[in-house]
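So, here come the structures, one by one.
Two complexes come next, and they have one chain in common, subunit A, joined by subunit B in the first and subunit C in the second.
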Partner chain A sequence: MSDERPGGGDPAEAPRACHGRAPDVFVPGGWVPMREHGEDEPVDFAIVGTGAGGGTLACKLAEAGFSVVAFDAGAYWRPLEDFASDEMEQQKLYWTDDRLCDGELPLKLGANNSGKAVGGSTVHFAMVSLRFRPDWFKSRSRLGYGADWPIDWREMWRYYAEVERALQISGPVTYPWGPKRPRYPRRPHELNAAAQVLAAGAEALGIGWSSTPLATLSSPHGKAPPCVYRGFCVTGCSTNAKQSVLNTWLPRALAAGAEIRDLAMVGRVETDRRGLATGVHYCREGRWRFQRALNVVVAGYAIETPRLLLNSASGLFPDGLANSSGLVGRNLMVQLNQAVWGRMDREVRSYKGPPSLALTEHWNYTDEGKDFHGGYCYMSQGPLPIVWARTLSGRGLWGEALMREMADYNHSVGLKMVGECLPDERNRVTLADETDRYGLRIPRITYGFGDNEKRMIRHALDFMGRALEAAGARGVWEQDDDTCHLNGTARMGEDPATSVVNADCRSWDVPNLWICDGSVFPTVGGVNPSLTIQAVACRTGDRIAALARRGEL
Partner chain B sequence: MTMALLPLTALDAVRPPPGGVPAGVARDPLGAGRRRVRNGLLAGLGGVAAAAALAWVLRPGPSRAAGTDDGAPDDGGSTVRAGRRLNRAAALLGASVLADSAVEHYRGSFHNPAMITPLLASGATIAASLHGSLDRRPRAHRFRDATYAAAALTGIAGTAFHLCNVTRRPGGLSWLNLFYGAPIGAPAAIGLAGLLGFAAERVRHGPDGPPSVAGLPAPQVLTVLSAAGILGTVAETALLHFRGAYHNPAMYLPVTIPPAAAAVLLRTLWHDGPGPRRAARLAMRATAGLGLLGTGFHAFGVHRNMGGWGNWRQNILNGPPLPAPPSYTALAFAGLAALALRDEVAGSGREQGDGR
Partner chain C sequence: MSDRYPGYDVLAKRDGLSWNDKTREVVGRRLAVGIDDHRFFDEAEWGVLRALCDRILPQPPERERPVPVAALLDLRLREGPGDGNRDVALPPTDVAWKRALAALDAESRQAQGRGFPDLTPAEQDALLRDMQEGRLAGPAWQGMAPKTFFSARLLYDLVGLYYAHPAAWSEIGFGGPASPRGYVRMGFDGRDPWEAAEAAPGREDAARRENRHVR
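Then we have the complex of A and B:
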């Protein structure tokens, strides 16, 4: 690009949100005005991260009248002009900075568990927008495993509705599982062939299925057109039909006076001798800066959040911020993402449309016939070619054998689970001795499955395999090595000794430090976490406003 | 009237056959699919052309039109005027069906050869109706009768086809399948065009005395037929605008004004008189106008899809159907024709009474 004006260069190299304006995500080359804040002037809230947690909270706080500056290490993209139908190019949306992964199951990080962009991983998420089963908010006392949330499900039900309205979720007219919920703002999308296979399999096995509630429009909304079923959803939607944080909460946040700083990597939360946060150190345009703030919100997701807290250790907090419980970085929970695949005689072309148009939550809401705790859902799949080639090569296929399998791409069909992992303190994020290009210690991620996860995987693979065969697939095989999502390294709770934050996402140790992302989850449930993260953020925004009114900030 | 979109081709290809679990059926290579589309379009155009040619060949010659077999006046008399009005309403409804089914069945790649049928039937209906609207003779025409009967049968068969398409999908008769399966209400439009035309023939070809259809008084039958057609169209509009989540408040217009108008029209059956008829005429004119306005709104809706009108080749298929709303106009014209016929029957009835 040859644009001479500020913000006109490569958005991955030079910040766009500066000089009083931010990119207009709905107009190629467009801008919207942005309020700016001085660095020496303490803002009400400095928010680290603009994804499902931080971006949503930035909007809520700005609309409540607080001054807000939100930082993101990633670029500020305009989907209409910056996104290509190309899996390799779109890897620019993933967080691929150096990390060390070890343990029994070294995690694969990138595509389906992290994002590095303004809007966070919602820019490339699969848009699956599911509510928790109400019992999961009290899974310890009601179901006998995991930990209880300090929030009542009925309150969460209201915040789920708020998020579903904000994202104009397209969902079934009536949802088959769980207590009554308001009608989804938009109608469901048409099923693609892969989803019809899921439906046929579920009907053959006598369980319920549904079109998936998705954060992509089925009819026009504002400046966003309805989905065109292009199918590149998980590499970034180039039409704005996807309702990501980038094109929903953040335009609202900007309109309400929030400032967003892109390509701004926060490396440390500063605290004073009283034990209060005073602002954040961040690196932008090759220079370390300091933004003063009355409150700091950490919303970097379940790896970067504990990393930042641990990297912010001080004399007063030698083990890292908010870590008197010793739980910062512990109880990391991924979700099980195992799959079965097979071949249909007819063409399926599963990559058409959003990848997960149908699902079943049967095993989330049914407790009989399980030899494990927790639940899982499974969804139809639509892997893009490179992901599919990689999946096939995971079976040991290479060269001509891989080519032959790839030639069957249009006939391939699969079912993939999102399964609940139990919290385990041995699964954790710590700091490695190596440092990254900012000079910050990189995270070490240690992970392994317990027996419960292994039993759930066996159950799910058996059941999904039967469903796929019942739908007419042949040569069914199992992919047992994938995981997705990250949660739970700064859990919320009612007791400072066993949790990092309280129900309001407020740190027990540092009263003006808040954590608002998937890391506060005590348990993850068997559904994709983004809707719950945003609902928690909405609740946090309302609680902060209420506390401020009472003078309790 | 057919506002629902047929399923994407790729989805169609894997729709499970009746019985639920899909069995493996080899898919035709892409080339065959393209050929089918082309053949379908050619057959559709050919059918329309053939029907138009037939209409031309059978057109009433000026001498025959002026001929007075049984002493009818040159303008054919009031019943012929009403019949010709109904012919015109049937022509407009047929045009709406032709354009809509052409677009939607093209979108469905004419994957079933029977999908050509509504193009042929509506094309023939248009031809027959134009023929009828030029024909001042006070008698039915075999070609027109046959065409209208075929259109009515097409409506029945099409409804069965569409119902079958919806119910054999996973989930059966569900919201999802009503939204995205073949639109159940759509084939009724061609059937309705056939019925209107059939009634037109009966009106102009009655025994002496008040015109009747199947032994019932024609004005009342046509009033009910028009109102029922409007209400059926409202039902389909309501379903498909619900699918669009009524995202634009204007989407409520066709589910409020036409049903009210149909009620006003039906009310004249119980509370007849100049006042109620004036109100009904006004209501029908409003409905007719709304049908035309609807196409404008739908054009705006096309613009709201990705790429707008610059991407018309996709968005005319994906967006709201442009030819659908004028079916309200056609049915309102039929309602107006029914009202006019009632006026005339009442007038001639009085004359006859005076004469005796």
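Then we have the complex of A and C:
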């Protein structure tokens, strides 16, 4: 780009949202007006992170009349001009700063389970938008495992509906599982061949299946066009059909007066002698700055959130902020992402369309016949070449053996689970001694599976393998090493001794510090977390407005 | 390997409706990388890496412009963004690669009296299998686990770089970039006219004719 005005250079190098304007994500080279706030004037809310939690909450709070500045370490992209149809280039959407991984199962971070962009990982999420099974909000008391949420499912049901309307989710008229829900705002997408394989397998084994509720448009909405089935969804949508935080909640937030600061890495939440948060230290354009705020919201997802809280230790809070329970960083939960793969005689070409157009939640809602706690769903798949080749090399294939398998790319088909991991305090985020380019200590992520996870994996691989064979796939094999999503590490609860925040995402220890992202999940369930994170953020926004009206902020 | 998609070249679509400007720009940069371009690795490391890439990702000898896997890795390590994923068993990516190439060469000299590039392909494969299965433990690894490096770095990086190249996309019949034009025919055997035609055995000419019209 040749634009010499501020914000016109490389969006990964120089901030775009400044001088009273932010990128218009719907127009190449376009801008929308943005209100700006002085650093010395305390804003009502400084929000760290603009993903499913922070971006959604920024919108809700701005629309409720609060002054809001939201910070993101990543760039402010305009999908139409900045996004290539290219797996490698689009790695620019990932959080690729160094992180150390250890434990029995060192996690593979940096790709689908992380995001560094305005809009967070929703910019590259797979758009799967599922509600929790109601019992999961009380899994300890109703199902005998995990921990209870301090929120009632009926209240969440209302907030799920709010998010589904905001994102114009496309999905079936009647969803086969769970209590009644409104019909989805948009019709379901057509099934691709990979999804038809899932359906055939489910029908052969006598279980239900459904087209997947997806956050990509099936008909035009506002300035966004319907999905053209280009299939690069998880590397960022270049047409704006995907309803990410970047092109839904954030334009609304800006219109309501919120300010967004891109390429702004927050390194520390400052607290005063009274134990209250006073603002955030952040690095932008190579300089450390300080934004004063009456309230701080940490929404950096399940690794950066505990990292920031731990890096913000002070004399009054030597173990990190909001950490009197000792639980900040603990109970990290990924989700099981094992798969079965095989070969169809007919061409599948699963690179076309959203990757997961069909799913079954049968094993989320059926408890009989399980030798494990929790549930899982599984979905059809559409890996692009790099992801597929790495899946094969993960089996140890290289050389001619790898090339032979890759030649069957267009005939390959798979089913992949999203399975519930149980909270375990040993799975955690701590600070390593190494520091990053900002001088901030980097996170160390320690992870391992328990017996419950291993039993669930076995059950799922057996079942999915039978389903894939029943649908006609040959040479079925198991991919047993993958995980997805990150939650926990700052759980919500009803007791300050066993949780970090309350039901309103307000920290027990620092009353004007809030945490609003997947970190607050006490349990993760067997579905993708983004819809629930956004629903919690919507609820938090409403609760903050209600508390403010009562003078309880 | 038989040619499953005869005459299919994903680059024939480069100026068409399936490639937006950003895609043309970034893939164009990748295509401009020369097979021998390297500044990150020194000459000794480079020789080992080139030989290694030929074994991990063997390319058809008749390919006019082979995928410059080694040069793409050199470029990647020079430009330097990590991938956010570091096993504690490994040092940072750039250090790990240099150490591994030197160690592989040292293991080769120890076992065969010749450097890795001078081994026969069969000998090279045998040494790589030893590395993959954790049977190497020479001092040149300096405590880094060869087995972990092989799966978490060597295969992960090289395989990712190869399949980022249009020649690899054409080879496997992938539709390639697809924006703004996506796809229409979603079902089984549902080929859009701008996708690769697969040759049924004995019907290569028919597929070749179809692939000539891909734009």
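As a working rule, the second predicted complex is superposed on the first by the 553 of 553 C-alpha atoms of A that agree within 3 Å, B and C clash if a C-alpha of one lies under 4 Å from a C-alpha of the other, contacts with A are read in each partner's own complex, and residues count from 1 in each chain.
In this section, contacts are C-beta pairs under 8 Å (C-beta built on N, C-alpha and C of every residue); 3 or more make two chains touch, one makes a residue touch a chain.
Keep in mind it's a predicted model, so treat the numbers as computed, not measured.
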| item | value |
| --- | --- |
| Touched partner set for A:R346, first subunit B, second subunit C, both or neither | both |
| Contacts of A:L191 with subunit B and subunit C, given as first, second, both or neither | both |
| Per-residue contact with subunit A, leading partner among subunit C and subunit B | C |
| Partner chain(s) touched by A:P220 [first = subunit B, second = subunit C, both, neither] | first |
| Subunit B versus subunit C as contact partner of A:G326, first or second or both or neither | neither |
| Partner chain(s) touched by A:T239 [first = subunit B, second = subunit C, both, neither] | both |
| Contacts of A:R99 with subunit B and subunit C, given as first, second, both or neither | second |
| First (subunit B), second (subunit C), both or neither touched by A:R390 | second |
| Partner chain(s) touched by A:G29 [first = subunit B, second = subunit C, both, neither] | neither |
| Subunit B versus subunit C as contact partner of A:V228, first or second or both or neither | both |
| Footprint overlap on subunit A, comparing subunit B with subunit C | 190-193, 196, 228-229, 239, 344, 346-349, 352 |
| Subunit A to subunit C touching residues, read off their complex | 81-89, 91, 94-102, 106, 108-111, 114, 190-193, 196, 227-232, 238-239, 344, 346-349, 351-353, 384-386, 388-390, 393-394, 396, 398-400, 402-404, 406-407, 409-410, 444 |
| Residue ranges of subunit C in contact with subunit A within the complex | 1, 4, 18-23, 25-27, 30, 55-58, 81-89, 92, 125, 128, 132, 151, 155-156, 159-164, 168-169, 171-191, 195-196, 198 |
| In the complex, subunit A residues that touch subunit B | 172-174, 185-188, 190-193, 196-197, 199-200, 203-204, 209, 211, 218-221, 225-226, 228-229, 239, 241, 344-349, 352, 470-472 |
| List of subunit B residues in touch with subunit A within their complex | 7-8, 10-11, 13-16, 20-27, 169-171, 175-176, 179-180, 242-245, 247, 301, 304-307, 314, 318 |
